[in-house]
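Each of the two complexes below includes chain A, the first together with chain B, the second together with chain C.
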Partner chain A sequence: MNSIYAFVVGPLAWIAWGVFIFGSLYKVVSMYQLAKAKDGSSLHYMSFKYGMRSILHWLNPVGTLGWQSNPYTALVTFVFHLCLVIVPLFLMGHVVLWDQFFGITWPTLPDTIADIMSIVFVACCVYFGLRRFLQRDVRFLTTGKDWIALAIPALTFLFGVLAYHQIGNDKVMLVLHILCGEIMLISIPFSRLSHMLFGFFTRAYMGSEFGGVRHSKDW
Partner chain B sequence: MLKRVFTIAAVAACVFLYMIPAFCQDEISFLKDPAFVHPTRPAAVFAHDEHNEKAGIEDCAACHHVWEDGKLVEGESSEDEKCSSCHQIKPESGKTGLRNAYHKLCSNCHIEEDKGPVTCAGCHPNGGAAPSGH
Partner chain C sequence: MTFDRKIEDAGLTRGVSRLTPQRIEDTLRQVLEGETGAKLKLYAETCMRCGMCSEACHYYMSHDGDPSYSPAGKVHQTMGEILRKDCKVTPEFVYQMAQIAYTECNLCRRCVHYCPLGIDTGYIMSTVRRMCHKLGVTPQYIQDTAHSHAATMNQMWLKDDEWMDTLQWQEDEARDEMPNLRIPLDKEGAEIYYSVIAPEPKFRTQLIYQAAFIMNEAGVDFTMPTSPGWDNSDMCMFSGDFEMMGRLKKIHFESALDLKVKKIVMGECGHAFRSIYDQGNRWDGWDMYPIEVVHSVEFFWELFEAGKIKLREKFHEPITIHDPCNIIRGRGLMEQSRKLAHALCDNVVEMHPNLEHNYCCAAGGGVINCGPPFKNVRMKGNRIKAEQLKATGVKTILAPCHNCHGGLEDLVHYYELGMDIKFFGDLIYDLMEKPEVE
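On to the complex of A and B.
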């Protein structure tokens, strides 16, 4: 079992990070070239001012009609993404590994806070799952790809929480946690998770069109 | 009479002297390094003698090593020193910090031998030693 652990934190981690970084670069560049070839005028109208205006409004959880009309989903969305970014970056167990492999460290969250945020994250995933299942309009729009995009981070955090609370075999839980995390990295460029790369760009595009062409708000 | 008392006293003294090490050195069961003033996890479980017997380690220098100028010194060991006398909590750049020293020494060997714990919980289980120095 130790050799499996060594494999997932060693070679597989390099592969996952490599696919994530180079896959993301490839996606961004190829998407830009596609836009240039097929829709040059939209690139012409891209505006930093209107793009940022739209992004900033949508970064406010009560700043748009869309968020206001779905307050619970808005709240869960913001909490979900904050936990998703903050916990992995500042978890002590992760920083310890960066220290061990590369000799670099940075400040960490107290374990209790990270633990609460992780459990809240899993609860947010359950909310999203129920919403996809129970709310008719969302259910109508949901495909298998959406379930995959939800399941990958949900399982990653769930196994992380189980490993931290020492529920189940510690090595099995940790290896599953790391494996899911690596699947997440690999799938960012090639799945619905690519909104990490394109989300802000899409917002900026909408803002540019609404601001610079239609002269109206998009929030 | 005096001779008898002297003999008994001498025997008692010998027994007492013999037992001093037993009082001084408790069997090591946790790696509770007092250099960690505010440890976040419970001290790592480590039964020194049992571990070495199981792992077949007879050379103290396998863990209690000596490094000089970035090289391992063969044939020298450092079991009379604290890990923290070389490995600082906040190391100078290029040197191995105390936390890293423990983590690397244990987990690298456990991976090489494919035996023993490698996860956080494997060494720092809940309900292990209290998360504080001596």
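On to the complex of A and C.
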């Protein structure tokens, strides 16, 4: 077990981060080049001002027609993403690893808060899963890719919570947690999770069209 | 996934009968690889299938939440399937995707207000239409207008002499009321080039009469062109015939530039406006229109502000105002349309939702142009609009767009709403001070 642990926090972690960073760079650069080659009539209208205007409005959970019409989903979406970003970055156990490998450190979240946020995160995943399964229009759209996009972060956090609470074999849970986290990193550039890389751009593009060309709001 | 609402259409049937699997695959691939790029790729990749856009769509709302009518649902059944099957789809599927893209989406972009990632369903459905056009699978009626555009450079098969004759006929008619009224033809250097859509001379000639009357009364230096280019409409933009869309916009702008006018004013039409500031101009490589273009709503308001139109009286009955997608969500004319409405009417009752968030008329985007076979698609697919109109409790609707007019008129009859629909031009003409005629 120890050698597996050493493998997942060692070589596999390097691979996962490598694929994540270089894969993301590759995706963003190749997408930009494709846009320059094929979407000139869209790219031309990109505007920093209107792009930001749109992004800021959509970062307000009650600021758009879409969020207002789906208040529960809006709430869960915001909580989900906040936990998804904050917990991995500021969890004590993670910062310790950064310190151990690279000697860098930064402030951490109290473990109890991180634990609560992780459990909330898993609950958010359950909400999304149920919604995908029970709500007719969402079920109609759902494909295998969508379940994968939901399962990867859900399992990462679930195994993390189980490992922290020492439910099941804590070593196994920890390895599974790290493994899922690494799968998540690897899949960001190559799955639906790529909206992490591109979501702000598509939003900004729509904002630019609506602000600059259509003179109206896109929220 | 079963498609249980196939509607017989001669154009679609004939088009599909000529397809082979190879031709379908080649054509779809040609559009995907040749004409789309990062935009479509990103939309396909990042759409999280969250379903938040469902409620945006009048078709979805009117069909009691049938998921196959949601914006993402329609993409899922068309472009989504093409991408999943790597362009290997059947002729029967092409029929289905054409029916969805041409008749179950108005390209109104209301769903943009619902999508956190800013996915442009209108663009995706337009691209599906482009594929259908290239496959030769287009509804017969809209294809007929596209053919007319190609043959005559106007939408309604009007011959050059018929157009000129109609203008002179309207001038003649209006002279009963205003003896010195002129519709100056091809006047070089005029301030304004007034352009209309071809359905005006074809069956809404009174609009030309009214516009001429208003312009004359307001002392506007205007002209109307006699040569092709006078029709600002653009059904090719909606049928997917983008090459023709480009030709139409080019000849329209060039005919105005040839006359050395200061600007174009276009009649109360939505889609024609879209084609000059959004789609046609881009196809021709113009950032924006090469000569200033002003919509009637802005133009009328400018006349009012300058005191050039004086009213005899205001419209007293309560009236509601519809926000056409292509001039409001598409071009932000809500302020002018409200100022004008309040200048003309005592009691403007807003419908809800309104402004950018207004529900579509279900006629635009070329859907009404797909003709009688699909009329019920529009009627059953827009119950929500009928309910929205009914809830205002008023008897008159202001709708500054031809397509909206047609669509709302049909809805009013179908749902027995007993409402009357007016253009701004109708109201201004009715309410303005007119000279005494001896």
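Here is the rule we go by: the second predicted complex is superposed on the first by the 219 of 219 C-alpha atoms of A that agree within 3 Å, B and C clash if a C-alpha of one lies under 4 Å from a C-alpha of the other, contacts with A are read in each partner's own complex, and residues count from 1 in each chain.
FYI, contacts are C-beta pairs under 8 Å (C-beta built on N, C-alpha and C of every residue); 3 or more make two chains touch, one makes a residue touch a chain.
Here the structure is a predicted model, which is why all the values come from computation and not from measurement.
When both complexes are superposed on chain A, chain B and chain C end up sitting side by side without clashing. Of the two partner chains, neither chain B nor chain C is touched by A:Phe90.
When the two structures are aligned on the shared chain, A:Trp147 is found in touch with neither chain B nor chain C.
In the superposition on chain A, A:Tyr5 makes contact with chain B only, not with chain C. The larger set of touched chain A residues comes from C, when the choice is between chain B and chain C.
Of the two partner chains placed by the overlay, neither chain B nor chain C lies in contact with A:Tyr127. Look at A:Arg139: by the touch rule set out above, it reaches chain C but stays clear of chain B.
In the superposed model, A:Phe78 makes contact with neither chain B nor chain C. The three-chain arrangement built by superposing both structures on chain A places chain B and chain C 170° apart around the Cα centre of chain A, to the nearest 10. Minimum Cα-Cα distance between chain B and chain C in the superposed model: 35 Å. On chain B, the positions that touch chain A within their shared complex are 40-41, 94, 96-97, 99-100, 103-104, 107, 110-111, 113-122, 125-126. Residues 1-3, 5-6, 92-93, 96, 99-100, 103, 110-111, 163-166, 170-171, 173-174 of chain A are the ones that touch chain B when the two sit in their complex. Only residues 31-32, 34-35, 37-39, 41-42, 44, 54, 58, 64-67, 69-70, 73, 77, 131-132, 135-143, 146, 149, 192, 194-195, 198-199, 201-207, 209-210, 213-219 of chain A touch chain C when the two sit together in their complex. Touching chain A in their complex are the following residues of chain C: 35-39, 41-43, 45-46, 48-56, 60, 65, 67-68, 70, 72-73, 76, 84, 112-120, 277-278, 282-283, 287-288, 328-334, 353, 356-357.
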